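Here come two complexes built around subunit A, the first alongside subunit B, the second alongside subunit C.
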Partner chain A sequence: MNYLDSLEALRTQFPSYKSGVTLHNYSIKKVTKASIVMRITLLSLVILTVYGFYTFDYKDIRIIDAITQALTTFKTMFTQPRFNHFNFGQGVYQVAVTLGLTFLTTLIGAFIALFLGLFAAQNLSSTVVSNAIKSFVAVIRAIDTVLWVLIFAVAAGLGSVAAVIGMTFHTIGYLIKAYSESFEELDPGVIEALRGSGANWWQIVFQAVIPSSATSLLSWTFMRFEINYAVAVAMGAAAGAGGIGFELFMAGNHYYDLREVGLITYFILSVAIVLELVSIRLKLRLNTH
Partner chain B sequence: MNLLEVTNLSKQYGHDLLALQNISFSVQNGEFVAVIGPSGAGKSTLLRCINRMIDPTDGEVVFDGVQMSKLKKNELRMQRRKIGMIFQHYNLVSRLTVIENVLHGRLGYKSTFAGIVSHYGKDEKKQAFEIIEMLGLTEQVYKRCDQLSGGQKQRVGIARALIQNPRMMLCDEPIASLDPSASKVIMDYLRNISTKLGITCLVNLHQVDVALNYADRIIGVNKGKIVYDGPPNLTPEEVYMIYGSAAGDLIFDVGGQHAS
Partner chain C sequence: MRVEALVKKRKYNVIFFAVLLILTLTSIVLTEFDAAKGITSIPRAIRWATSNFYPDIKSLEKIPRIWIKLRETIFLSIAATTMAAICAAFLALLGSKTTRVNRLLGAASRGISSIFRNIPLTAWALILLLSFGQSSLTGFFALFFFNFGFLARAFVDTIDEVSSDGVEALQAAGATYFQIIFQAVIPTCLPQMISWILFMIETNIRSATLIGILTGTGIGFIFELYYKSFQYHVASLVVIFIIISVLVIEFISNYVRRVIL
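On to the complex of A and B.
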């Protein structure tokens, strides 16, 4: 179906399409240009995907066999996890190293982003400063965390130092955007009220801005913490930053020990679940307090 | 002596929107003045030009013997402590408790650091509790402000302004979001503040009947100009002059809500 055909089809289906509202069937959704473009894009993607799979060069791999083998591998990994090259205590220690990397980068990042975020918020800062910080930060975010680590590795050498600096850098970029947008949601009347009573900027920030956006700040920080946890695992392998990620890399790429890979995955997963539970708890408490 | 003296005040937005044109009036110590006028007349702008939350384009405001336009940043902060402000939407920090919000009124008297860490003196806390009791909020002291009714929120707003020990209160449509009974409570408090505590009140109101009931004096504003300044016994013709074609509604709908 080409573009014009689908437009025609839409038009017959929705006679009032031109006015943008479908009146006769009481549709809740507005049929706009944007939504039509969206549907066409999605449809094209589906077609391309199917076409892609159909025309792959599979060489002499038979897809059914390949899938069965992959499933067997997964089964070995996850139904028979087993220690081999290290014991439980060492595993916990390595997870702690990874968590340490996560904590450190998130904490330093959050602290710096809190202050820069205030100056990046349109309602608390001048337009020039706010725009300058925001565009600088957009550039930082455009480059992935892993790339930042590799960039800093040029100066610091591959290892934990490059991982900490690179991860912190991207965390700052991410959180400045998140924090400043939370600050911008503050009711301007509240700032006006305090300014009108003679309070100064720092007092307004700590007495009104931060208390009002606390839940949102916390929730963004946790979000970033979870991202950093995943990155820290990857960095263990890719940048030699150590921790459970490095063990995973060794078990998978060096020893080719499927059972240990499965075990480490369970380790990483259980920590992630605990983190999620803690964050839910904290948010609830902050909301009801 | 006049507490407030406004001379030839003008405020222009953009190229051609004159929100205020040549406004002149003075207010005596302890007076209760209602500023009335249709939506968009310039009432809010007028109030905010007095404490320079909005910088006027032209003209002069003298408050408590001080020329406001001459003040530097810090001097302006000192001067603003003498002026309490009340808002239609209360403008409280809703996540904080009543007492925390009330004490915000003291921030102007504190060092930056003491303000940041909420370090309030014993006498300040004592005064806060007294004012809260006066406004009938004792049971709500430790409640978060988002758990209060509109009328209670506005009383917290009044308490926050009172703890500044102000000479004057600027009230921008204080009852426009309230039901009639809560409106009456708030207006009674404001009236008492003026009569018993001797604090001058300048109140923007949308409701003519309320203004006539409570004020010592009425200032009528239309299209940025003062069209009436006198005692609260307006004839229907004068109401028409202030409100223009919208006056019909007001005269026949006295007691209704006209929130802008």
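On to the complex of A and C.
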């Protein structure tokens, strides 16, 4: 999951998000419905949190001891990273495998979502078809990718095949929503003008719709790439998809090798930060256009 | 001229698609993805799911057990988000351009939040598993650290975007730093901050499945338990419970957002 696209999602859903609150809201203390709901929300969060801590399953862990132990573990992990079961070259290769999984699922997902997104866009399709696709996609997105991968794994066996299909599935669900919303932003006059001059549906799509939303599509696709990277790491660890996530799982859960866990975390972190920087760049370019 | 431009554009397109193709082939080789097996397994998965992956009468007996774990996961998500939000708010005050103490601390705060949110949840879960074992605390801290980094970023942007005018006005009127924070920054930013907190709670419940599978806690643990012992009817019931809880929480938070934003 990533920050920028969550922001985008919030903004499309709640147009008032950006406007914020104006000055007079705090200079005059008025009890409005909004402030009551806000207080209730905060209060219930606090109560649920306290109650949550009370009911957690602590097993037989002594919290203070565990936290001190965790701090020493962190120190060893991150100040003395070391290779044990593989070397630098193999580490880079495993990162490449994870990135390959990311790329493959994002590309296939984007390709399929592009077509289905056209049918899900209200201005290019019928209301029935659009609503049907959109609600189907909402269910796909409600479940974490790992569950989809495990469901496909029963048929395909644990490994890269199940991971690619499960991840692609979730990617399609996500991108259909993003793409169709980008298509819906298109000026209705353009479509009407083209239709009036006798262009057929495919011509409208390829001459007007896709070119004018290309930047937005690219930006969404890259954001999904960023998400899929984290998912690919997870699938390596939880669903046997290989790559750096699998190495992390082995080092942490099998060899209990703190120093190697630290090292692998550095590998994963550096790629993630590079991806985030690229994403911010893309986003800036998109907003200035 | 126009023809030249067109030729140039076509050239770019050809290069673009060639690069995509090369990357795809490299990825297929790297991940050892078997495309034929992939395509044939889709209909098989659908056939399997329609004949096995639905709750039957017998699986309904397990509802109390599932409910206990689901409740644990929901509380875990809420507690982790609330605690992370409190800590992230402090970090965000140091990181935002309008409220930071000085440039150095601002940069440091942004760096810290970047590290915490860019270490994937998977990594946090496996790192913490070494110290906290299979207790709720592993999941709690994994969600806490990730949310902390994510929310700090969201809060910094909120403060930058919403409160700069009010802060300037108060600074001009001679208000102290803490007066500005409590009278201007927090009241103006609160609605959007709550919106982000609710968003994180939704996301956490989804991610809790993954964390549960990795660390043996909560709803993810109970799914894996039934999945690995081939009790697919019960496993599907777990999935349905997850969907319902995500949708209910989404519904509540959308209501709150509509009122406060």
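Note that in this section the second predicted complex is superposed on the first by the 223 of 289 C-alpha atoms of A that agree within 3 Å, B and C clash if a C-alpha of one lies under 4 Å from a C-alpha of the other, contacts with A are read in each partner's own complex, and residues count from 1 in each chain.
We adopt the following convention: a contact is a pair of C-beta atoms (placed from the backbone, for glycine too) under 8 Å apart; a residue touches a chain by one contact, two chains touch by 3 or more.
Nothing here was measured: the structure is a model prediction, and the numbers come from that model.
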Inset, instruction - Based on the superposed arrangement, let me know which partner A:W202 touches: subunit B (first), subunit C (second), both, or neither? - result: first
Inset, instruction - Identify the partner contact of A:K59: answer first if only subunit B is touched, second if only subunit C is, both if each is, neither if none is. - result: second
Legend entry - Residue contacts with subunit A in the superposition, subunit B compared against subunit C: C
Legend entry - First, second, both or neither for A:S216, with subunit B first and subunit C second: neither
Legend entry - Touching both subunit B and subunit C, residues of subunit A: none
Legend entry - In the complex, subunit C residues that touch subunit A: 20, 23-24, 26-34, 37-38, 41-42, 44-45, 48-49, 52-53, 72, 75-76, 78-79, 81-83, 114-115, 117-123, 126-137, 140-141, 150, 153-154, 157, 161-163, 165-166, 169, 183-184, 187-188, 190-192, 194-195, 197-199, 203, 206-207, 209-210, 213-214, 217, 223, 227, 232, 239, 242-243, 246-247, 254, 256-261
Inset, instruction - Going by the contact rule at the top, pick out the subunit A residues touching subunit B in the complex. - result: 187, 189-190, 192-200, 202-203, 205-208, 211-212, 214
Legend entry - subunit B - residues contacting subunit A, complex: 51, 53, 77-81, 83-85, 87, 89, 91-96, 104-105, 107-110, 112, 115-118, 157, 160-161, 164
Legend entry - Touching residues (chain side subunit A, partner subunit C) in the complex: 1, 3, 6-7, 10, 13-14, 16-18, 20-21, 23, 25-26, 33-34, 37-38, 41-42, 45-46, 48-49, 51-53, 55-59, 61, 63, 66-67, 69-70, 73-74, 77, 96-97, 99-101, 103-104, 107, 139, 142-144, 146-147, 150-152, 154-156, 160-162, 164-165, 230, 233-234, 237-238, 241-243, 245, 248-249, 252-253, 256, 258, 261, 264-265, 268-269, 272-273, 276
